[in-house]
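You will see two complexes here that share chain A, one where it goes with chain B and one where it goes with chain C.
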Partner chain A sequence: MSYVIALAGNPNCGKTTLFNELTGSKQHVGNWPGVTVDKKEGTYKKNKEISILDLPGTYSLSPYSAEEIIARDYIVKEKPDAVINIVDATSIERNLYLTLQIAETEIPMIVALNMMDEVAQRGDSIDYNKLSKSLGVPVVPITARSGKGLNELMEVAATVVKNKTVNKPIDVFDENIKNAVQEVKAVLKEEREEDKDWKALKIVEGDEIITATLSDSQKSVIEGIIKEAEKAADGDTEAKIADLRYQFIAKLVKQAVKKANKGYSETRSDKLDKILTNRILALPIFAVVMYILFACTFSENFLFIPGLPSPGIWLAGLVETAWGTLSGALEGFLVGAGASDWLLGLVIGGIMDGIGAVAGFLPLVLVLFLLLSFLEDSGYMARIAFVMDRIFRRFGLSGRSFIPLLMGFGCSVPALMASRTLESDKDRKITMMITPFMSCGAKLPIYAMFAVTLFADQNQTMIVFSIYMLGLIVAILSSFILNKFVFNGEASNFIMELPQYRLPTIKSVLIHAWEKVKGFAIKAGTIIFGSTILIWLLSNFNFGGMCDMEESFLASIGNAIKIIFAPLGFADWRASVGVVTGWIAKENIVATFGQLYAGINDEAAIEAISAGEQALPQISNVFTNVSAYSYMAFNLLCMPCFAAVGAIRREMGSIKWTLRAVGFQMLVAYIVALIINVVGNIIF
Partner chain B sequence: MKEMALAMVGIGETRVISNFRGKEEMKRHLQDLGFVKGELVKVVGENASGMILLVKGVKIALNRGLASQIIVE
Partner chain C sequence: MTLKDLKPGQEGTVIGIGEKGPMRRRIMDMGVTPGVLVKVVKVAPLGDPIEVNIRGYELSLRKDEAKQIEVK
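After this line comes the complex of A and B, so read on.
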């Protein structure tokens, strides 16, 4: 018999750990329709008949956030065969609030009392039988981290499913509320008794979503009932219901939980928080953590040792070399087999380079997400969000936006994917739209080329630095503007649980990072691969067949669109082609310029120009200082490379929003470059 | 005891929640997190971003603006 069990629980209750333990590697991560909330499904590793669904972490079933609406709609409408409610036994009082609400839906349920190892460490004890009796559902103690109690939990779950055990309604409320619920129930028309019970309670609670489904005649009757009930509940039935739930829980906990230490004693977490969220120390410590994160992923001078690559860069280099070798071998083979030019070009220049572009990013994504999921699972990420909130609130963002923005200086792809940790949809969208404005590593060769060639007499470091600053300033201004005029958002309040610090398990960190890599390779990979091949075709063909880039479709396109760039100061077809090849990878602009302006096809020479060791004097005939700066700014801000667009597509979960983001970036790039060109020509 | 905003409470002090002066939606979320009338709340930390509170044995961080909407006595 196959059936579905849903996992429900508070954020940080160990739900994901339990899910990983139960499903092992047999899991699939998707999105709930219409929202960027992970939908994780898997099968129980010891019985393939059992599907397990990980509901988003929620504090209650009231409709406050997208997560809560998803969880409750799933439980009430989809009706899984059973719900396992995971309760963090170390903060049992708060966790049982959700338990009562799930019980109110009258779905077959089991309570898994998690973190029992920590309870034992404190010397506390919990009377499960007492809890089970009072809640009317089975209660199983577990420690998800070590896998203890999981077999028993699943056995109990199987029994509950088989017998369709539904708890008896728990006697939580007072006469006034109970009467109101009964009266409302009489007005409802649902078929199933348990649906009526739940709906009636929600209506008395003042739930807008449920109330909106009523007919006008129902509404008018119910309004009267609620008015009557409110009189006896100090004017607020909702607060009364919450209060009665908590009272019930407090009484239950008092009976069932024995604490070794009566008062609240300072834990290791508290001591750590005194340092890590300290008024003065928090920011410096955070800066060090961020530096380590950045250095491990992107640094080419790791641990301040010149030339020593970081794990991320080292791995990326390894993948690139391996891919290059494979590509070379394949090329040799094809040449030997007498393959035609166009086939050789398609396989090597198109397909192999296309896959290589995707593969090259995987190590960076992997390393960054290993570190990020360590921070997330340890509990430090919540503190970061809180500590940075003050600063980012001024720009209309939340503290968590800091991580994607900082990572953007390394590479937009993992940076954009890091935006997933942002809770508010608005913050996530704005952050994704502005993250590519942070000048990534691949854009530096463009600046190096112009700086050495056109700004030879000036302070070149300052020129390059000013471009980085420009990106930062534009990002901040964009955030202001998007927040005010597009999202119409008021500064939202910050409220977040700070979970206890816990050492993450290697398994959960690995699973998290692997999911990210896989998601990127599949979702973003198709966009990157497809567009790389498209640009390759455009730059190597015209109607007569294969040709040099100078005569290709891309050159014709460059000639056709160069007029658009006239106001920006670079109405040159070669510069226009550069913008387009830059979308494959921004550093390609240098190779394109080398080829089109100077006929350089030699890789070593291109590398020297990219590193700023050699000038490309031919471009000084076309570019002035002002138009060169305008060109740099345009390429900094305009649509990022296809890999980043793929990441935006994956994280936005919507093509419409991906196009909006790219459109916004194009518009900003054009306006800024225009201002630079116009103002620059007036001053200089 | 005299009513005051939670934002005014000093570090290490414990108060009783008596009211909330903000949006209905936020009030509901606060309830879900354990902020109900009559509940004890202890201020365990503060910094430039806001305060860290202890409610029902769980640490909750919030900004000062929100803390000033919660009335305690």
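After this line comes the complex of A and C, so read on.
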């Protein structure tokens, strides 16, 4: 018999660990439609007929956050065969609040009481028979990290599914609420019988989404019922209902949980927290952690040793060399077999380079996510938000936005993927839209070329530094504007749990990093691969067949669109072509300029220009200091490379939002470059 | 008196929570309901937000949010 089991629980309750333990490597991570929330599905590794779906972690089923709406819509509308509710037994009171809400939906459910090893360590004990009796559902003690109790959990789940056991309604509310629910139920004539109880309760609770589905006549009757109920509930049924739920839980916990140490006792986690969020030490520790994160992924002088690559850069180099060798061998073979120029170009310049472009990013994504999953699972990520909130809230961002933004200075691709560690859908979207404004490593060669050629008399370091600052300032202003005008009305709050510190399991860290690499390779890979081949075609062909770039389709396109850039100061077809080839990889602009302005095809010469060791004097005929600066700013801010767009597509989970992000970046780039050109020409 | 007025180490009992809306709803969902005991654990290094112990776990909230929670 095949069936679906959904996992529901609070954030940090060990839900993902349980999911990994149950499904092993047989899982698929996608996106819930339209939101930046992971959708994880897999099959039970001991029985392929059982599908397991990991719902987003939520504290409640109120309809306010994207996570909460997804979880409750899934439970109520999709109706899985059973829900396993994971409860963190070390903070059982708050966890049982969600349990009560899931029970209200009258779906077959099992409570998995997790972290029983920690409960035992504290010397506490929990009477789960008492819990089970009171909640009317099976309660199974487990320790997801070690896999203890999981077989029994799945056996109990199978029985629940087979018998379709639905819990008896739990007696949580007072007479007033119960009466109101019964009266509302009578009004919901058309609803399915099994949905009535839950919907009626939600309506009494003042749930806007459910209330909006009612007809006008129903609404007017119900308004009267709710007014009556409010009178008896001190004018506030919503608060009364939450209060009654917690009263019920507090009473139950008092009966079922025996604490060895009454009152407040300091755990190891508390001691660690005293250091990590200490008034004086917190910020230096944070800076060191961030440095390690950045250096391990991107540094070329790791641990301050000149020339020692970081794990990320070392792996990326390995992949690049391996791919280069393979590409070279294939080229040799094709030449030997007498392949035509266009076939050689398509296979090597198009397909192989296209795949190489995707493969080169994988090591960076892998290394960063090994580290990020460690931070996330250990509980430190929540403290980053706690420590940095004061600064970031001013810009309408979360403290956790610091990580994607910092990583953006290395490479936008892993940086954009790191936005998944943010708390809210809104924060994630805004952070993704502004992360490419952080000037990544690939943009530096463009600045080097212009600085050496056109700013030879000025302080070149300051010119380059000012571009980096420009990106930062534009990012902050953009966040402000997006918050105010695009996401207006979406309340931001900082009411969150600071979970216990825990040592992450190697398995969880590995699975998470692997999922990220796989997700990027598949979702982003198609965009990168397709667009690399397209640009290759455009820059090597015209209607007559294969040709040089000067006569290609791309040159014609450059000529056609250069007028758009006239207000920005660079109405030159070669500059327009540079913008386009920059979308494959920003450093390509240097090679394109070398070829188009000076006929340089020599790789060593291009490298020298990229490193700022050699000037490209031919561009000074076309660019002034002001238009060069405007061009640098435009390429800093406009659509990032296709790999980054692919990462945005992967994380946004929606083409519409990907296009919005790219559109926003193009608009910002145009406006900023326009201002630079106009103001610059007035001043200089 | 509100939760914002409590110093680290001080305790209070919640007697009321601000105005209706998503924020209050969220606060209550996290277990801050009338009658519950809260203890302020610490203030973030930059002065905001604060960390409180409630119902056996650590909750963080901004001072603006703490201001809406009446305690005694």
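Quick note on the criterion: the second predicted complex is superposed on the first by the 676 of 684 C-alpha atoms of A that agree within 3 Å, B and C clash if a C-alpha of one lies under 4 Å from a C-alpha of the other, contacts with A are read in each partner's own complex, and residues count from 1 in each chain.
Please note the rule applied: a residue touches a chain if its C-beta (ideal position, glycine included) is under 8 Å from a C-beta of that chain, and two chains touch if they have at least 3 such contacts.
Since the model is a prediction, treat every value here as computed from it, not as a measurement.
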Query = Touch check for A:N542: first (chain B), second (chain C), both, or neither?
reply = neither
Request  = For A:L498, select first, second, both or neither according to whether it touches chain B, chain C, the two together, or no partner.
outcome  = both
Task = Check the residue A:Q218 against both partner chains and state whether it touches chain B (first), chain C (second), both, or neither.
result = neither
Task = State whether A:T159 touches chain B only (first), chain C only (second), both chains, or neither.
result = neither
Message = So chain A touches chain B in one structure and chain C in the other; where do those two contact lists coincide?
response = 59-60, 62, 64, 90-91, 93-94, 97, 238-239, 242-243, 246, 264, 273, 277-279, 282, 382, 386-390, 393, 491, 493-499
Message = If we count contacts the way the header does, which residues on chain C are in touch with chain A in the complex?
response = 17, 20-31, 33-36, 39, 42, 44-49, 51, 53, 55-62, 65
Key: chain B - residues contacting chain A, complex   = 25-34, 36-39, 42, 44-50, 52, 54-63, 65-66
Message = Applying the document's contact rule, which stretches of chain A touch chain B when the two form their complex?
response = 59-60, 62, 64-65, 90-91, 93-94, 97, 238-239, 242-243, 246, 264, 269-270, 273-274, 277-279, 282, 382-383, 386-390, 393, 399, 491, 493-499
Key: Touch list for chain A against partner chain C, complex   = 59-60, 62, 64, 90-94, 97, 236, 238-239, 242-243, 246, 264, 273, 277-280, 282-283, 382, 386-391, 393, 491, 493-499
